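A, B, C, D and E label the chains in the order they appear, each numbered from 1.
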Amino acid sequence: MASALDIRGVRKCFGKGEHTVEVLKKIDIDVAPGEFLILVGPSGCGKSTLLNIIAGLEEPTEGAIHLGGRNVIGVPPAQRDIAMVFQSYALYPTMNVADNIGFALEMRKVPKAERQRRIQEVAAMLQITHLLDRRPSQLSGGQRQRVAMGRALAREPQLFLFDEPLSNLDAKLRVEMRAEIKRLHQASGITSVYVTHDQIEAMTLGSRIAVMKDGVLQQLGTPDDIYNRPANTYVATFIGSPTMNLVDTQVLEGGAVALAGIELDLPCPAATGAHATLGLRPEHIRLDGSAPWKGEVSVVEPTGADTYVVVSTVSGDVTVRVAPQVRVQPGERVGLAVEAAHASWFDARSGQRLAA
Amino acid sequence: MASALDIRGVRKCFGKGEHTVEVLKKIDIDVAPGEFLILVGPSGCGKSTLLNIIAGLEEPTEGAIHLGGRNVIGVPPAQRDIAMVFQSYALYPTMNVADNIGFALEMRKVPKAERQRRIQEVAAMLQITHLLDRRPSQLSGGQRQRVAMGRALAREPQLFLFDEPLSNLDAKLRVEMRAEIKRLHQASGITSVYVTHDQIEAMTLGSRIAVMKDGVLQQLGTPDDIYNRPANTYVATFIGSPTMNLVDTQVLEGGAVALAGIELDLPCPAATGAHATLGLRPEHIRLDGSAPWKGEVSVVEPTGADTYVVVSTVSGDVTVRVAPQVRVQPGERVGLAVEAAHASWFDARSGQRLAA
Amino acid sequence: GEVEVLHYWTSGGEAKSAAELRKMMQSKGHTWKDFAVAGGGGDNAMTVLKSRVVSGNPPSAAQIKGPAIQEWAAEGVLANLDAVAKAENWDASLPVVVANVMKYKGNYVAAPVNVHRVNWLWASPEVLKKAGVPAMPKTFDEFFAAADKIKAAGLIPVAHGGQNWQDFTTFESVVLGVGGAKFYQDALVKLDQKALNSDTMKKSLETFRKIKSYTDPAAPGRDWNLATAMVMQGKAGFQFMGDWAKGEFIAAGKVPGKDFLCAAAPGTANAFTFNVDSFAMYKLKDAGAQKAQADLAAAIMSPAFQEVFNLNKGSIPVRLGMKMDKFDDCAKLSSKDFVDTARTGGLVPSVAHGMAVSPAAEGAIKDAVSQFWNNDKISVADGMKNIAKAATTQ
Amino acid sequence: MTAKPLSHHVARVLLMGVLLLGAAFFLAPLYVMVVTSLKDADELRNGNLLSLPGSLNVSAWREAWSSACTGADCSGLRPFFWHSVWMAIPAVLISTAWGALNGYVLSLWKFKGSETFFGLLLFGVFMPFQVVLLPMSQVLGWLGISSSIGGLILVHCLAGLPSTTLFFRNYYAAVPGELLNAARLDGAGFWQIFLRIILPMSTPIVMVTLIWQFTQIWNDFLFGVAFSGADSKPVTVGLNNLANTTSSVKAYNVDMAAALIAALPTVAVYVLAGRYFVRGLTAGAVKG
Amino acid sequence: MKSLDNLLPKLVLAPAFVLGLAFIYGFMVWNGVLSVTASRMLPNYEFVGLEQYVRLFDMDRWWVALRNMALFGVLYVGLSMALGVLLAILLDQKVRAEGFIRTIYLYPMALSFVVTGTAWKWILNPSDGLQKLMQDLGWTSFTFDWLVQSDMAIYCVVIAGVWQSAGFAMALFLAGLRGIDDSIIKAAQIDGASLPRIYWRIVLPALRPVFFSTLMVLAHLSIKSFDLVMALTAGGPGYATDVPATFMYAMSFSRGQIGLGAASATIMLATVAAIVVPYLYSELRSKPHDR
């Protein structure tokens, strides 16, 4: 089957002559029909730019965009059959909710009765029927978000684009809306590309995740890949909160490594004698008095559901997740046991993942 | 010892005549010296108003504020010896960082040399020494946040007030700054009141948490109290993410309850025959095929470190936290086992916690 | 046809006179579109005129006079009135001096309305009596003696207003009185540098400055007719002003000889500074409008209009040989002097009223004189230098 | 309730005092004008500037409105007033609409060179108007609309163009680009975006521009005198003629009444809509 | 399709482009051309080089006009801004009846100078106005006759100018004040600053951009001031209150010296450009908005 969206060798430069900035550097992404692709990366890495290029709001400097097999370079946004939900919602401030939702249909000359029907349908789905007469300024953040969503949904487009749609909401609402988006995607099955800063969103919504940095695609994979098999130290530390612990090691003979002098029984794919970086997520370390790797507790952060313990070791601070009922005190000496199966290994120099 | 801050029967109304809105309704809070009190609650519940009243920026309609034993009603803000960090930072846009930090000292006629020393000291502590000459507009969000903090710290006041100081930062920076604030508080020992929307912040920073809603104090207690022994269903659902599951039950005889017909062995403090609401956090439920409480998996949300499974049961959706390696599929039928020790019980009508 | 007439006759007596002209045109079946633009002694009107001409849509007739007529004609925008002039025999009914002003390269391009005498001195008999001044002063010595008496009586000796042409009206009367007609011609008409730097000029300036000391401090900014009103109301003794001032007296119902006195400015009894108002006609395409223009020109020169108009305005008819019996004594005197001086060479054009030199030079000299009048810090020597320099403006 | 310290009350009283003093300074000329316009000739001569008229005497107003002479015409300000109305309304509307369109393009549809064009246009705000009188007359002559209300309207639209464009462009600079993108994706074109989305958001700046243009155009004298014909002279020209039309006794009461009549529409606009002006300025006409 | 999309904005801007540039720059060039011709009553095109400029700078009246422009400009701009900022700050103190007082401050802007000139001329006239009033009230030694004094009359123009513009400056500053983040003031209060100090140290510095735009607006008004002088003094006494705008007007329209007038207009344009162009440049450079 043809891919729903194919981004091929897209480059984008802003500015001219000396001041040229290359914001996207040869991006290749292929999205299958019905897929939910997540785009993550630090601020300024080019996520919005890529979305704009897909939508046709911006022209790429180089490369092609295929939508359902058709090259759309040069096709104006209105004819690409794409709907987009913006970070700031971009609701039309002077129209009421119904008109906001119906605007795109009106522009496409959908007859009035049909338009009304669709508006009602979408409003019912998003539970905003009672808000249809209000202006955006009379809505709460969550309600606005729903309207923005409704505006996109009314269209039943070929492709959805979401540019950090939840980042303005508070935590609680974010969780609710996240579930809603997931539900809607499952119901409609429309291919979607979704930009976010939030890792939980990325992990829970995406069928695949693309991690970008400085205009370069770092890794493209399933959430499980990204979380458990990060392609490099950048991806490793970018995804996961608290972040993955990275520890310098030297590979000893016979499936052991040395951490600043302490010897641990961990098989490492690097050559003996080489330096390698060991990546360990907080939940993959246990407090174990008998373990050889020792340290002193510096901070205890109970979050209710879990408690994070920061342990100072000779190889630096290490964060460990423990159950809330575990009681440790700052200053206490503890041992750290590692779940070897979940360890990630990276080249010490390049930061690239070492294949097992 | 006298309390550092005593809020006694504070009421605040805005508007006149018919349009009066009571924003704070008889708030009583007593803060011990050195304590770190967290104020949480939904938007518009009156948190900022309370902070403003403590600072003297706003007069209460009724009630008293005692600072170190002295009633400060009518005392202008400048004479209350309070430092405040604003949500928007409120840095003086036309002064450089050093002047921003030193302004309060200058106003208090601290000699120039002494002022310089304090600015340097604070800057060093916050690692912003290299930024002292810059204007706020030339700083990143995190740097601004530090300057706002530095401005408060330079003063060594009797009391710190923080109004959502981290809410404008991105997730990663927020984690870092949270740790910094904790460290600074531990070092200085100055009594603090801290408003936040973020539950992790609330749980990890506070020595006690005050939960407000609609101008009424809902619960005042340690993070452990609030998380594990919420005073009512509001607090129960407000704190914790994903939120606590609430299930309607009817108390049967002999330490059992009925959930929409299913009988569970759970001792409930309510009278037999009464209706009670059972509160269960996602991490206190296990998937257990043998358990009598059955349901169908509707959503699986892997977040990497944990996986949340939403199970549709006859008593409504229930969210369960499972380890990432547990593999379940939407549509699968599962059983839910409850950790009775961690169950919370609320009156079905009033929502108030039922004493065990 | 339709005549659109651009003029700046907006004060009492003037407006009445303009209304007369309109009446006459209307009686001939033409429509009169009144385009009056007040202010700035015609400056605003000139702005409008210029922009109208540049836009190719000039008014039918505009109130212009003196060398400005030639300048406009030189631009080729004025209509030729020879046909009317011949039919109405203008050459015979106008003094040559005046006719020359109306002609460009031998063709009539403007129709004269009236003759004003500028070198008048007006006085309030009531004030003179109060101060014990027996008669109108004939020389400047007499004048200053009288002024001193009025001052002593606690009244304002000289009423004066505040535009530069008012300053200059006084100034040219002083030059004429001090230096005589020949000197006036040399200095102010020919702009001869020797004359402008002569002792006579110095004496004139000294006299001029002395007059200033008899005016009241509120003069700057005052309109001329308000100064006239001061004389009328017995607040001030004298005013140097052209005979349009009489229009104001008459309009207020005052009787010459009884309620106010007129005499030639001190030392100028044998001279006459004239100021001829005239209408220039602009080239128009519309035949109806051209006909109306011709009728307007004829109407202006008709004895009936000349009489009515000048009775209102205070001036005398420009047409020779008119019966003067309806006119008052001042006008009769004026009329007689007009004819006499034309013979003796005492008939000189008024600089203050744009009859003598080009607008550019006139403006520059007026500036210099005004500055001298208004600023006592400028010495007579400097004032003379400034005036001489201004006279070189082209 | 808490008692405010005494110094607080003293400060408030002082504050109000200064504010009212300021108000008095600004009101004094208006007071003088109003009082004078209601006096009769006797009171004018005998009273002083500030004294109140003995009785409400509106004859000066009536005279100024319908019978005072300006030149040979004695129909008061009335015809001039209506010329001004017929000139100002279209000129204000056209120049505002035009400025809105230009501002829309200049901030939301930028293209190469549009900023430079804006800079060049902006310089027009600062151009002394006397400079354009003669060339403008010539152009109006070519267009065949000299000395007509139509010509005046055109001149005012051109003269106001830089400022109205500036107002709208600065206001629209704050419109988020995402809004435009959303509309484009929704399938709206250039005009639909302008009419359906941008224009309805522009009320504050439209108010500012309308008020500004109205005062500018209504109060203009220079263009009014230079480009009007005998039957299109605006009220400022009429007022000037009237105030400079003097008989021996200056009819200050009529002058003042005429001045007030000429000022009435603009003052009314400020009194009724002044708060929209300040609000609109706050909303983005002035960069702060 | 695409080309129309790109073309439409340019088409819409085209009338403004053609007319705006033709009128502004075409006329400027035309004026520049006239200034090197011998034009008198009507424009002509006889080239005379820089003669008109030489004559211009040889005229005492032109120098007076320049001096007046400088004096008037500094005082008018300075006083209007000082008064404007003061009133704006006072009005910002949550005053009762703010809207009412604000309207009073603002209304002079609504009046044309033909109107206010009439009123001010009378008030400032020694024999009819303020001086007479004071003397009638018994203060016989009171004199206020600046309007008729050659060297003081320009200050009368300043008074009337400030009267008209201060309210506008106030409105701009008030808009600026309203735009300042409230929490900055709260922060300063907590930092222990008194109200005057807060304004002096925090608020006024933050208003800098507003000061700048107000300065620009007033400065160009002062250079263009024409109606004001015409209505109040018509340049008098003598030509003591002449400014370049009135000078240019007099030369071009009543004196028949269009060439000279054009030369003076060129100098005015150059002055305006010297003030405005750097400002415009920085304005447009500082914000590389891009969509």
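Side notes on the structure shown:
As a working rule, contacts are C-beta pairs under 8 Å (C-beta built on N, C-alpha and C of every residue); 3 or more make two chains touch, one makes a residue touch a chain.
It should be emphasised that the depicted structure is a prediction, and the values quoted were computed from it without experimental measurement.
Counting C-beta pairs in contact across C-D and across D-E gives the higher total for D-E. Taking each chain's centre as the mean of its CA atoms, C is the chain most distant from subunit B.
Centres computed as Cα averages put subunit A at a distance of 26 Å from subunit B. Between subunit D and subunit E, the centres computed from C-alpha atoms are 16 Å apart. Centre-to-centre spacing of subunit B and subunit C amounts to 92 Å, using the average Cα coordinate of each chain. Among all residues of subunit E, those that touch two or more other chains are 5, 43, 128, 249, 252-253, 290. Taken residue by residue, subunit D touches two or more other chains at 133-134, 136, 189, 240, 243, whereas all remaining positions touch fewer.
Contact with two or more other chains is made by residues 76 of subunit A.
Subunit E makes touch with subunit C in their complex at residues 40-43, 55, 59-61, 121, 125-128, 145, 147-148, 150-151, 153, 230, 233-234, 236-240, 249-250, 252-257. Residues of subunit E that touch subunit B in their complex: 181, 183-184, 186-194, 197, 201-202, 205-206, 208. Interface of subunit C with subunit D (complex): residues 4, 7, 9-12, 15, 18-19, 21-22, 32-39, 44, 47-48, 50-52, 54-57, 59, 223, 225-226, 228-229, 232, 248, 251-252. Those residues of subunit D lying in contact with subunit A across their complex are 176, 178-179, 181-189, 192, 196-197, 200-201.
Residues of subunit D touching subunit E in their complex: 15-16, 18-20, 22-23, 25-30, 32-33, 48-50, 98, 101-102, 104-111, 114-115, 117-136, 158, 161-162, 165, 173, 177, 180, 189-190, 215, 218-222, 236, 239-240, 243, 252, 255-256, 259-260, 262-263, 266-267, 269-271, 274-275, 277-278, 281-282, 285-288.
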